[in-house]
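Before I ask anything, here is the structure I am working with.
By written order: A, B, C and D. Residues from 1 in each chain.
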Amino acid sequence: MDCCVVIKSAKPYAVEQRNVKMGDDVVIGRKEDSSMGIFLHSKGFLVTKSDAEEFAFRTSRTRETSYSMDYDSLYDLLKYEKDNGYIVWVLGPAVAFDFDSRKAMQKLIENGYVQHIFAGNALATHDLEAGYMKTALGQNIYTQESVHNGHYHHLQTINDVQDCGSIKKFIEKNDIDNGIMYAMEKENIGYVLAGSIRDDGPLPGVIADVYEAQMKMRKIISGATTVIGLATQLHTIATGNMAPSYVLKDGIVRPVNFYTVDITEFAVNKLRDRGSLAVKSIVTNVQDFLVHIKHGLDLK
Amino acid sequence: MDCCVVIKSAKPYAVEQRNVKMGDDVVIGRKEDSSMGIFLHSKGFLVTKSDAEEFAFRTSRTRETSYSMDYDSLYDLLKYEKDNGYIVWVLGPAVAFDFDSRKAMQKLIENGYVQHIFAGNALATHDLEAGYMKTALGQNIYTQESVHNGHYHHLQTINDVQDCGSIKKFIEKNDIDNGIMYAMEKENIGYVLAGSIRDDGPLPGVIADVYEAQMKMRKIISGATTVIGLATQLHTIATGNMAPSYVLKDGIVRPVNFYTVDITEFAVNKLRDRGSLAVKSIVTNVQDFLVHIKHGLDLK
Amino acid sequence: MDCCVVIKSAKPYAVEQRNVKMGDDVVIGRKEDSSMGIFLHSKGFLVTKSDAEEFAFRTSRTRETSYSMDYDSLYDLLKYEKDNGYIVWVLGPAVAFDFDSRKAMQKLIENGYVQHIFAGNALATHDLEAGYMKTALGQNIYTQESVHNGHYHHLQTINDVQDCGSIKKFIEKNDIDNGIMYAMEKENIGYVLAGSIRDDGPLPGVIADVYEAQMKMRKIISGATTVIGLATQLHTIATGNMAPSYVLKDGIVRPVNFYTVDITEFAVNKLRDRGSLAVKSIVTNVQDFLVHIKHGLDLK
Amino acid sequence: MDCCVVIKSAKPYAVEQRNVKMGDDVVIGRKEDSSMGIFLHSKGFLVTKSDAEEFAFRTSRTRETSYSMDYDSLYDLLKYEKDNGYIVWVLGPAVAFDFDSRKAMQKLIENGYVQHIFAGNALATHDLEAGYMKTALGQNIYTQESVHNGHYHHLQTINDVQDCGSIKKFIEKNDIDNGIMYAMEKENIGYVLAGSIRDDGPLPGVIADVYEAQMKMRKIISGATTVIGLATQLHTIATGNMAPSYVLKDGIVRPVNFYTVDITEFAVNKLRDRGSLAVKSIVTNVQDFLVHIKHGLDLK
């Protein structure tokens, strides 16, 4: 979304402004109706729905929307995409705070439903603390007990990963056998951990330069067919801004399926309000969302 | 909570102010420390926990709290209470808006996990519209499609129930074979439908006088051992205000288990802020909560 | 909204279903396009705006919407309506919790900006407790201090009003000289206090039967030209359901100006989602809203 | 908060882990009770309050808290701090979306109530777009109109600032005479603009490396006496993590006054949940908050 269209060798490319070079051929028409050479055909691939009546209830997506069919469709989609697509998950730290949702995410990775993950320093740190000491920010991720000196667990985890030199080596050295980062390393799944000013540490592997992180994310996302953003406005909107609406996959133009799950209407709708039109939003706690997905895909 | 203590035949009773009669012996001491004859022993039945440290993270219950253990405990509790307790559910209309959560609620009733329901006109109307015409407020509860003339479904349902004279007769006459009200009538479970100024209709059986509704609710709640409030501030706080903290059940003093589930921290915490101290809150969409409970209890 | 159209003496009237009598001539066509005798001309009085572009940011009203002009328009509107309209305010209890907002509301009443108020038992009780004992639910409304035995203030206020027989007599007897109810009684402004199952007490004057309360509200609202709902989903949606879109005032058809102010997008948008299309929503804390209005109208 | 204590020349310094050097003397005791050489005297400077009763209403800070006195205290504080302290404002982009709040912020800067600002690329971009083209993300910041081709305004602003080489030169070249960045440059106030993965552009001056941004923020914040965070979880929590609880100012130990203003309880409470104990939170829309402050300080 936040790019210019640059023509190279008669083909259009979306290029970030800061990467446009002098001499590039940039498309500059500013009408949607082809009068300046551009026609915005945003609904070209949509099957038309019959027009709604003027007076109708419940036209927006809120906590009161019925999500049963969305879940069922998502199970089907994930099963298909597993073999025929490329699924990118965008994870907020809350995913690692809860025992069951962390486990569900691990199972999704181990069963081939995850091709790439975007997240920040906190997701990785909380997840590793959970594998290392059974807590996240000092609170047991199952019993909710605040452990004595628990607030040190967070820092100790970061220090010990630093000491090992990488997340991979830390997992091996400490025989960690569960969690999101564990499954990622085991299955050799790629991830981008983008830094933020809220980070402490950071862990090795976290990208300090946000525009470098953007470039890595953009490269990955341009090949994605499904994107699922969970409980992170920062990373989900960043991803939404750089995700294409359609991709060419195996010779076929397909829409990119973009889901955003958050507990507030504001967060899930903000992406739409920033111009990402084709997002499907679900308003719920991501813990429950992930456990549902695990059930629906029958992962043990 | 909102009552006086009246002594009758040497035993204390909680009586609403408007039902206190001239000549009643009302307890009037206003100190908690026994200096005026009353000792507030609010933690008498609690197992003491070791004191927390001064510096700790994550001390409140929010969307980021790990609820895994709460779910597991609740499964155990419900299995025990089914045979040894009295479970009252307090339902907001959102429970009937979603196909899966409506079905989960039906299964809970059919399998003995519900002894009484408190709700309003909307819950019953949406549920009956779903059984009658597959929609709630005109939107298909599975496909989310807004049906042609769907906004009439709501009124037509109310009119046709009125025509039958009762919810029970409407269900029989129209061979409705699914939903919350269907299961209630089939299993002969009691319910209180309290009216509100937002109601249209109302359905037959809805109580127009809110203080009469309160009295019916209070009578029921004084025998409850578990209360679960879902997505309704109005009915849940009303119930919380009248629920006792402890009940005498089979000769044993037991705490009343009070759960409140809502998608906002404000709603679940408000009950606590109004003085109901022992509430366990879960911040999520009640649709997902109910489907979880159905899975956790292995209901088909 | 929740009514039938009944023809009496060749004129149409909106009548609640439960008040339709056998033999009434009810309009029953179910098409919007006049093919069954009815034409839905919902935009008849709107000045047409030029069509928006397909790609645009920020199309919904959220916490990030710029409300500066809405405030300025509202000042102008209120000044006009004061002399040429009928302004109904719908108040949630939060209006009385804060010292400055309670005072702003008092000033609005005293200066002619309020023709009628809809509220519940809580608004009146908190306001009277504040005038009587400087607290609301036991907390000082200015200093936020929780006063010793403050939780009794609420009940004592109710008891003492009951003892006086009416709110008016309680105010006189106790020389209360500030607050919302004080100003209402002094200026002889009408109000509807609708009961709910959350009430304790209730105060004298609160209507126990919700459908009786609806009828009183409907009678008032049919003559309103501006409605402002503050921090109450229950009362605001109830009012929205019964408010007409247009009124005939001094021989001219004018739209009814309907504002809803709440701190969550969900609450302000829910009215729209229930079919009340012409609502103008502002997402903020009503305390600040009211103090703004007081400043904007230059009330001392 | 996220630092080690390192002893240099017999004085303690808070040092981020990644800046600890081999050979540094790090304080490592993990008890709060002095048994390992450390005594946590967190309430040393507090005036003790009498203990609260066990049963009390309204103990948390929510949308229903009375903020009248907080506003009055804040006016006094700002007047004092203007001459005797160092006030750091942490701004989310919403501050620039609204005409009146943007103007209020400008007035605060021009009148000496701002010593430093922390923000991101978006705040600066929206503010400059407003000064340049009267819109923010293409929407007029006063009339709310979506301007034709408005979505280009954002990019054009960034491009033109880039072209000028700096924000300062862009303001001069285009004779921009209003807004936050305008006032900052005119009054020669310092600011830190920290980059994030959501940025487009970015503007010149935005710091791409988040840990470099942290260092600049930490250096500034260690001298702050008042911090006010508005509508930004990311920047406010980052600042809260690095702000000290007490500072030595003119030979006197004083607490750091930390305010956080946001429209959700979750956002304002999260800082507290992450261990920043002394934060004063206000739940409202920051637009209204800023206009209040402007009124309260009598800024024209």
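One rule holds in what follows: a contact is a pair of C-beta atoms (placed from the backbone, for glycine too) under 8 Å apart; a residue touches a chain by one contact, two chains touch by 3 or more.
Everything quoted here is computed from the prediction, not taken from an experiment.
When the C-beta contacts at A-B and at B-D are tallied, the pair with the greater total is A-B.
Between the two copies, chain C and chain D, the C-alpha superposition involves a rotation of 180 degrees in steps of 5. Taking the mean of the C-alpha atoms as each chain's centre, chain A and chain B sit 36 Å apart. Put simply, the C-alpha centre of chain B and that of chain D have 42 angstrom between them.
In chain D, 53, 55-59, 63-64, 137, 149, 151, 274-275 are the positions where the chain touches two or more neighbouring chains simultaneously.
On the chain D side of its complex with chain C, the touching residues are 52-53, 55-59, 63-71, 93-94, 97-101, 136-144, 146, 148-151, 231, 263, 283-285, 287-289, 291-292, 295. Residues of chain B that touch chain D in their complex: 32, 40, 42, 53-60, 62-63, 265-266, 269-270, 272-275, 277.
For chain A in complex with chain D, the touching residues are 2, 16-18, 30, 137, 149, 151-152, 155, 158-159, 162, 194-202, 208-214, 217, 234-235, 237-238, 241, 264, 274-275.
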